[in-house]
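Letters A, B, C and D mark the chains as written, and numbering starts fresh at 1 in each.
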Amino acid sequence: MSRRVRLWILSAGGTGLAVLLVVACFQLPGFGGDQHPYGDRAVRESLARRTANTVASVNFDQRAFDTLGEMTILFSAVLGTVVLLRQTRDEHRAKPAPAQVAVPVRRYALVTLPVALLTGLYVIAHGQLSPGGGFQGGVVAATALHLLYLGADYRALEWIRPVGLYEVGDALSASAYLVLGLAGVLAGTAFLANTLLSYGTFNTLSSGGAVPLLNAAIGMEVACAAVVLLARFLDQAVEIEESGKTGKTGKSGE
Amino acid sequence: MDDALIAVALLLVAATATAAVATRDPVHQALVLSLLGVALALLFTVLQAPDVALSQLAVGSALTPLLLLLSVRKVWRRRQRQGRTE
Amino acid sequence: MSVLPYLVAVWVFLAGCYGLATSRNLIHAVGCLTVCQAATYVLLIAVGYRDGATAPVYSDIEPASRPVVDPVVQALALTDVVVGATVTALLLALVLQISKRHGTVDPDELSELRG
Amino acid sequence: MDHPNHLLPLLVAVPLLGATLLVAGGRRLPRAVAETAGCAVSAATAGLAIFLVLQSSPPMVEWVGDWVPRDGVSVGIMLIGDGPGLGMAALASLLTLAALAYSWHYFDEPPRRHAGSFPALMLLFQGGMCGFAIAGDLFNAFVFFELMSVVAYALTGHRVEEARAVQGALTFGVVNSLGAYAMLMGIVLLYARTGELAMAQIGRRLDEGGPPDALVLAAFVLVLTGLLVKAAAVPFHFWLPDAHAVAPTPVCMLLSGVMVELGVYGTWRVYGDVFSGPGGIPAPDLERALIVLGALTAVVGAVLCWCQRHIKRLLAYSTVAHMGLFLIGIGVLKPEGDGGVALYILGHAGVKAALFACTGILLDRYGSVDEHALHGRARKLRGVAALFGAGALGLAGLPPFGTGLGKALTEEAAGPALTVLFVAVSTVTAGAVLRVGARVFLGLGPKPEEDPSYEPYETTGSGERPETRRRLKRVPDTMTAVPALLLAAALAVGVAPGFATVVDHSVSEAGSGGAFTSPHWTPAGVLLGLTSTLLAVGLAALAVTHRKGLPGEAWTGPLRRLQSGHIGDYVAWLLAGAALLGALALPGIVAG
């Protein structure tokens, strides 16, 4: 299809959809309205279970099943990326040359790294109390590790980051979330039921029953997953090279 | 005051999103996308969603642009090699 | 003001679609897809906002002392953000393989799979 | 077990746990152990699904995390354990098991130190499909929809050394992700209006709000766009042939056999629970939308199916055509139609998966899936030829295959005008498959002539690489046993006494709860099934004897050119399709 025809179809479809959506927008309840029945219920239940951060309560207690699905999406995407970016028969690894890093950059990175890593862990640990939690902290911690690439070089990063272990960590923390869920079924109540542990004292680290445990599992999972993702892309960008032939290698077929 | 702040953040999001689409070079687009991530984080903060703002900052303005840049680098490195052998 | 956030979400979504349809580089196309997804975050958070309310976190405020915004949409948006990043990563991995196997990342030059 | 409903989430949790443990241990496990473990977990889940299906009358409801409603509302996530949902979960599980058994020692090179990755991905796919099938909460449905999509992209692109595989997987990924985001926008619009996420609650709130307006229509259009992209309805279908033709064969069995059908199931579920009340989309509008799109899909799929020479692509288009028939079946909004479609889907899954399995054998023996290149080369594979032929006849709806019974019941519900379409579509798709069988396995007719005018708009099936470790000397028993069992299952759907009654009963119990009939073979149904089979055989015979192809084929050029393989085109069509869907459903909203 030529570009012109595509643009025609696109503008016809886009215009139609835009008109429908804009009309719909004017029939939505006004921005900032007061009607949030589900939200109000969620806040009540969260306080009843002594979870100060109601978003964490929705994520890890009331709608923990969604989070299970989401964690699995992340896990699958990481597994998929590992499979898709594997080293194929026609590729080899080229060892990257050791790189010279300017001293200020090195100092900056090496100072920032522990701070960022601790920030990540802190954000994970306080997920049920303050904004943040497993997702945010996990990504921060994983990205922090990669400051080493800036500060030292790729080889130092590889040394501190054995990807295989992170893959296993990713899988084990995902299973930990599932096992915590299954504990409910084994105890005779429902899957992911947060009724086994005491809810603790409001606004302390151990409040919220199973919420901190699930949150920690997610934090581990996200951190490991982000490390593996970045590692696979770095691998492609820095190390893996095609041997010999260039161009359309896959098309030759038989 | 709140309203004005929200409106500014919204317009910023709309503007950076449009710029991200209009920027055809992937390297520049990755940078504009990280600006979009910051704009979104700002919007979520004024809309009282600090959790989402934090994860948007971590994912949208750091992780995703980083992955995009690494992909560009890989594609570019391939082209370089190809250019040399041909 | 009462519809501006929704209109912004619609604008961002359609802009992303436009970029996706007219893109000349697959990495750029994946970037446009993340723009489409940004629209869903904006819509989610806008729908949950309540005038004059604070964040739904009770570590520094007394329960029931002030109205809070809807925490449910925030939880959904969090899920959505993570989903978006992972889909982006997977699609970029596929783009890398396309660049290796086809020698190009321009969708106009991909000549297989027709008819 | 006192509360079988507490077991519902295990349909998701068991395969996911199996997958995570396989990945955790996969670095040390030998390949055979990893594959056996994958099969065992998949089989256990299938057993659980079947156990739960047997408990599903009356339908079960489970609140995950024990958030049972107080005063009629809950903050938790609802799972629905009714016949159709659990039936789809059981179908997905059994097909995953079949695909895993078929792919025993399949791939030539598992990623280094990741022996468990392929079975783990299959288990994740199974978990995602089960989760979507039992979801009773819209956002939860979106999450599992994304899960199954993400795994499917990775599985489609699994053979990364194939240029076509990675391109098809990317197309699949971009189009389906965009559809999913549209669906999410629709869910948020519904949340804004009703403040709820559970499907039944949303439906109730919509009904309280009075007649539908543009907001309801927009939400309907956006949610259905996501589901119809998955269901490959025209004009959202372009990704399907590109993805199904290039995915590894065991994955094709799952994609065509059950994942696409889950799109139709989702449409049925969402319409029934959310939009069927007085505050939703009026019935005539839905009928118009689904029947028009379904008829378009059926015709386009059948015509393009006939034109293919790449056998997997041909089968993929036949899936598109059948999806059109399923959409019509649920679009007529009659309980008999729903029951018929359920049987049709079950039969079709067996038949289509068996056909893909046979094609996989061809690919592994001869390194090609091109109808013209393989002409007469597979004469020695008598057993596979018999299976392929039986699959083709099943596709035509030959009694007593389950496809035949499902088709007959759906035709009866759809009325005489649409019956013509059903017969025509099953004739053309089965005729195309029979044509392939006659040429490839029997070497009938002259070798087809190449027509250079098609060349730029044709995907040939040569240049494919075998998927197994080395080109097979002998076909492994698992690779022939699986299609045989699948065909036997498709046959059992049609002949097992009382099975159709049970299916129909559980569908009507879950749906409108309308009058429930006892479905059985009628003389008219048997006659129509025989007619389409005979016509298909005739059509195949006609095609095989013509060296240059049938006269009408030149007319298909413009249609084939639309399938351009270009992501931008597909996105443009997606927007156009959403607008079309809105236009088709508009009249009732304006009038009301």
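To be clear about the criterion, contacts are C-beta pairs under 8 Å (C-beta built on N, C-alpha and C of every residue); 3 or more make two chains touch, one makes a residue touch a chain.
Keep in mind that this is a model prediction, so the values were computed, not measured.
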Chain whose average C-alpha position is farthest from chain D's own: B
Length of the line joining the C-alpha centres of chain C and chain D, rounded to whole Å: 28
Chain A and chain B: spacing of chain centres that average the CA atoms, whole Å: 17
Geometric centre distance via CA averages, chain D-chain B, whole Å: 36
Contacts with two or more other chains, residues of chain C listed in rising order: 1, 4-5, 13, 17-18, 21-23, 30, 39, 46-49, 51, 55-57, 68-69, 72-74, 76, 78-79, 81-83, 86-87, 89-90, 92, 94-97, 100-103
Shared interface positions of chain D, touching two or more other chains: 139, 143, 146, 150, 153-154, 157, 160-164, 166, 189, 191-192, 197, 561, 564, 566, 568-569, 571-572, 574-575
Chain A residues counted as touching two or more neighbouring chains: 6-7, 10, 14, 17, 21, 28, 36, 38-39, 42, 53, 55, 58, 63, 66, 70, 73, 76-77, 80-81, 84-85, 131, 135, 229, 233, 236, 242, 246-251
Overall pattern in which the protein chains touch one another (line/ring/star/complete/other): other
Pairs of chains in contact (touch as defined earlier), listed by label: A-B, A-C, A-D, B-C, C-D
Residues of chain D defined as touching chain A within the complex: 6-10, 12-13, 16-17, 19-21, 23-24, 27, 62-67, 73, 75-77, 109, 111-114, 117-118, 120-121, 124, 127-128, 131, 139-140, 143-144, 146-147, 150-151, 153-155, 157-158, 160-164, 166, 189, 191-193, 195-197, 213-215, 217-219, 221, 367-368, 462-465, 561-562, 564, 566, 568-569, 571-580, 582-583
Of all residues in chain A, those that touch chain D in their complex: 1, 6-7, 9-10, 12-17, 20-21, 23-24, 27-29, 35-39, 41-42, 45, 58, 61-66, 68-70, 72-73, 75-77, 79-90, 164, 167-168, 170-172, 174-175, 178-179, 181-182, 184-185, 189-195, 248-254
Chain B-facing residues of chain A, complex: 53, 55-56, 123, 131-133, 135-136, 139-140, 143, 226, 229-230, 233-234, 236-237, 241-242, 246-247
Chain C residues within the chain A interface of the complex: 1-7, 10, 13-14, 17-18, 21-22, 46-51, 55-59, 63, 67-76, 78-79, 81-83, 86-87, 89-90, 92-94, 96-97, 100-103
Chain B residues touching chain C - in the complex, by the definition given at the top: 2-3, 6-7, 10-11, 13-14, 17-18, 20-26, 29-30, 33, 36, 40, 43-44, 47-52, 55-56, 59-60, 63-64, 67-68, 71-72, 74-75, 78, 82
